[in-house]
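Look for chain A in each of the two complexes below; its partner is chain B in the first and chain C in the second.
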Partner chain A sequence: MFNLDYSWLADPVYQGWLIRGTLTTIELAFASSAIAFVIGLFGALALTLRIAWLDAVIELFVEVFRNTPPLLQMLFFYFTLSTVGLRMTDPATGVSVPLLSAFACALISLSLFGGALCIEAFRSGLDSLPRAVTEAARSLGYSRWQRFRRIEAPIASRICLPALTNIMTNQFKTTSQASVITVPELMYYAGQIYNDTFRTAEVMILVLFIYVSLVSLLSWGMVRIERVLAFPGYGKGA
Partner chain B sequence: MALIATYAGKKRTVQLGIALALVAWVALDATGGGGEGWARVWARLPILLTGNGSGWPLSGGFALNVFLSLCAMAMAALLGTALGFGMLAKNRLVRVPCFFVMNFLRNSPWLVLLFAMLYIIPFNVRLFGVSIAIPAFAKAVIGLALPTAANFAEIIRGAVQSIHSGQWEAARALGYMPMAIYGRIILPQALRRMIPGWMNLYALLMIATSLATVTGIQDVITTLNTLLAMENERVIVYFYITALFLFFAFCYPLALLARRMEQSVKGDSL
Partner chain C sequence: MKTSILTIASSLLLALGLSAASADTLADVKSKGTLTIGVKNDYPPYGFLNDKGEIVGFEVDLGKYVAKELLGPDGKVELVPVVAANRIEFLNSGRIDIILATLGVTAERGKVIDFSEYYVSAPGPSILAPKTATFAKWEDLKGQTLCGIQGSYFNKHLTEAFGINLTNFKTQPEAYRALKDNRCVGFAFDDMTLRKKTEEADWADYKIAIDPYEYIPQAAGIRKDDVAFRDAVNKAILKAEAEGKLVEWETTYGMPHAKYIAERAEAAKAKLKP
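Coming up: the complex of A and B.
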């Protein structure tokens, strides 16, 4: 049925592209997940302060980023950040160029998108903390920040680890959309390769397998981490 | 209780304030030169919504995204139901491959799967000597339906397995046949838990239809890009905000409704 021809894979140029693309994908996914994690942590912490205006602002942020396509968000950041004013004059040529590279724009947009998901995940994690735990911490004289850092965050982050795994795999999958704004990641190089070789089906099948194995590896690893970090009595280990 | 009420009230006031501030900001921007941008958007809005300058017939734009999401959801419902019950099957030969397929589809990026379908499905098929061309739209439907089906199946499995085992045992003790247990006892209960999940999935699918632009169909993003090629740089921002708002206006009510249903289902676990 299919005449699959993988002879192009022997070419070191294409091998180099695939490896470089995969590395960029991994870099983008991990960097954006890390920033998203921080945004989620502080967003959820801010929600626990119960300041009405902050709560409303965060909710708006979360809903906007959750309910619009990440592809459009990326295009929006890519095309508008440069027109709104983030430009600089290239000292060598004197031409006005955008300050942020495509990679930076993709990183910003993916981080905010993931951050919105993380806020939700952490919020439900903090909500599910038993009241007795926070009350015990308060009676032991922990300050608000200490209580969050020493008691709430460690337990809540374990409770919402499965949700975080989901978000991280989702980040990994969403990085493929950064190819649309010419970030040189795996999908982008895949396009380059099939433009060269016209072996579209072969390239796409290979890339699909690379993505599936990366994401499967990640979720397998995260399940292991969940198991190692599990507190007895909390989460699935209970 | 009174405190919570005032807090929610306060929050609502702030939300109203934010909405007013946004409107004020847009109005201020409109008087300061942004008016032209909004005028351009307003002039192009029929094309963005329907793919057609006069607004009728519907030939593309956001309407095509909605239609695409409905087609893909219908196909995903069929595939996903088969896959979901395959994963619940007692027979390992059925269950294990179904799990494998589900995991494969769930772990692959939507965009990559869409691209793969675009290139793996041939341009036309010869059936009994008749050559039938496969339109890009059909490929987009299949490409989007596959990952949706996997998620659909997972929702079915999760909901059926969340039904307390006592229900199974009681039904068996009462002498129900396996099919009757599913049809009369388990599924009616599980369905209540599946519906919010399916609604969230549909919202996710609607968001993912933005990716279908890679297949070249005249969806809202393809239309947007065509339109932007004719506009100057300053106006681009207004067009993107409009496109983002279209998706938001479609998906946010769905998400709210799903959340409300989830809350109402939460209590009835047994």
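Coming up: the complex of A and C.
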């Protein structure tokens, strides 16, 4: 019944495509996760300052980028921004070309999408700090910044690690949508391969396996980090 | 009549003797009274939407003709829009009975499906580019970035043989948009479609910069070893050719009259002469 034919894997062209596609997927996932992490950190930090207009700006950012599909954002960045004038002149040919490459558009969209989720994750971590902890720090004479650096951030970051793992695995899987704007990642090449060979099931099984391996590796790494950072009374240290 | 009994009998033998799983589409289609055809709906002149939103075109008319031949004058057709990326899956999973959707005959495809008579000889890919483009040969494109469509059969060849850097989109409108945006120096796609595009006012500044490097016969796609059905379809196609229907449809859909189709019409006429 399962008459799987993997002879196409012997073709060096397809091997090259799969490797290049996997690397692009990893690159996009890690780069966008890193930027999302920074956005989340600064966003959540800014929220603790309790400045009304800043809160409104951040909330708007979160609402817009968390509540729109990343696919739509990518298409918007890719097709719309260049049309409304985000262009440059190619020094080699003198032709006006779009400023943002497909990869850049996907990276920006995934970073902003992940960033919005990260802000929420960090905020929930900060919010879940027991009030008594903050009050104890305050009564010991910690300044606002010291309190954040020495008390709040260390506890909050540990609390939101599982949520961060979720966001990162999500980033990994969402990269597959970038094939729509021609980013040559794993799904982009997979589609071409099964179109050439008609071995749809075989290609899908292999791609599934690659994604599962990558994401499992990632969550394994994150669990290790959780373990290392664990302290008594919270999460893995309990 | 004699031949059809023969073919049914031989296909039965084949079905019983060789492969129990072999489909008998002809019987299925006859029992439901409808031929389910996978057609293009974005690909003039072969299959496209008219002003009323109906799917029409050269291959759609051919499909309707085949259905009438197979099922009689009351035969119904169900048109299922397909794209290059899913048509073979649709056929082999049973969602459609036959592919009439600009299906080029290639050896790779021949491994998973069967082909009918080759009713059209379609040019392969050409390059649509701005009139200012300086390249004129496929070899000139080495290392250049060209727009394409994901899943096109020639993508691998263009990458491998000519060293073209392809940026492939899901659909044609996206690729045209990207070409106008200068995301690529040209659009590598089926010659027939691109030539039609150059006739549009919006595309007056563009030309077919490079002609196709090959011609590929186009045929209907049929499930593997579905012999009775394939024979019936072939008979219908030959009859349509002999009656000059294909030449007629070329006129209807504004296609240049191809030598290939005219020659096949003559041959079919000679063959079917009593």
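By definition in this document, the second predicted complex is superposed on the first by the 216 of 238 C-alpha atoms of A that agree within 3 Å, B and C clash if a C-alpha of one lies under 4 Å from a C-alpha of the other, contacts with A are read in each partner's own complex, and residues count from 1 in each chain.
Simple rule for what comes next: a contact is a pair of C-beta atoms (placed from the backbone, for glycine too) under 8 Å apart; a residue touches a chain by one contact, two chains touch by 3 or more.
Owing to the predicted nature of the structure, the values given are computational and were not obtained by experimental measurement.
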First (chain B), second (chain C), both or neither touched by A:Ala136: neither
Which superposed partner A:Lys173 touches (first chain B, second chain C, both, neither): first
Contacts of A:Val215 with chain B and chain C, given as first, second, both or neither: first
Comparing the two partners chain B and chain C, which touches a greater set of residues in chain A: B
Touching partner for A:Val13 - first (chain B), second (chain C), both, neither: second
Partner chain(s) touched by A:Ile225 [first = chain B, second = chain C, both, neither]: neither
Chain B versus chain C as contact partner of A:Val64, first or second or both or neither: first
First (chain B), second (chain C), both or neither touched by A:Pro98: second
Partner chain in contact with A:Phe76 - chain B first, chain C second, else both or neither: first
Touching partner for A:Thr182 - first (chain B), second (chain C), both, neither: second
Chain B and chain C contact sites that coincide on chain A, given as residue numbers: 79, 83, 179-180, 200
Contact footprint of chain A on chain C as seen in their complex: 84-85, 88-89, 108-109, 111-112, 150-153, 155-156, 159-160, 167-170, 174, 177-178, 181-183
Residue ranges of chain A in contact with chain C within the complex: 13, 79, 82-83, 90, 95-98, 102, 179-180, 182, 188, 191-192, 195-198, 200
Of all residues in chain A, those that touch chain B in their complex: 2, 50, 52-53, 55-57, 59-60, 63-64, 66-73, 75-76, 79-80, 83-84, 169, 172-177, 179-180, 187, 190, 194, 200-201, 203-205, 207-208, 211-212, 215-216, 219
Residues of chain B defined as touching chain A within the complex: 7, 10-11, 13-15, 17-18, 103-104, 107-113, 115-116, 118-120, 203, 207-208, 210-211, 213-214, 221, 233-234, 236-237, 240-241, 243-244, 247-248, 251-252, 255
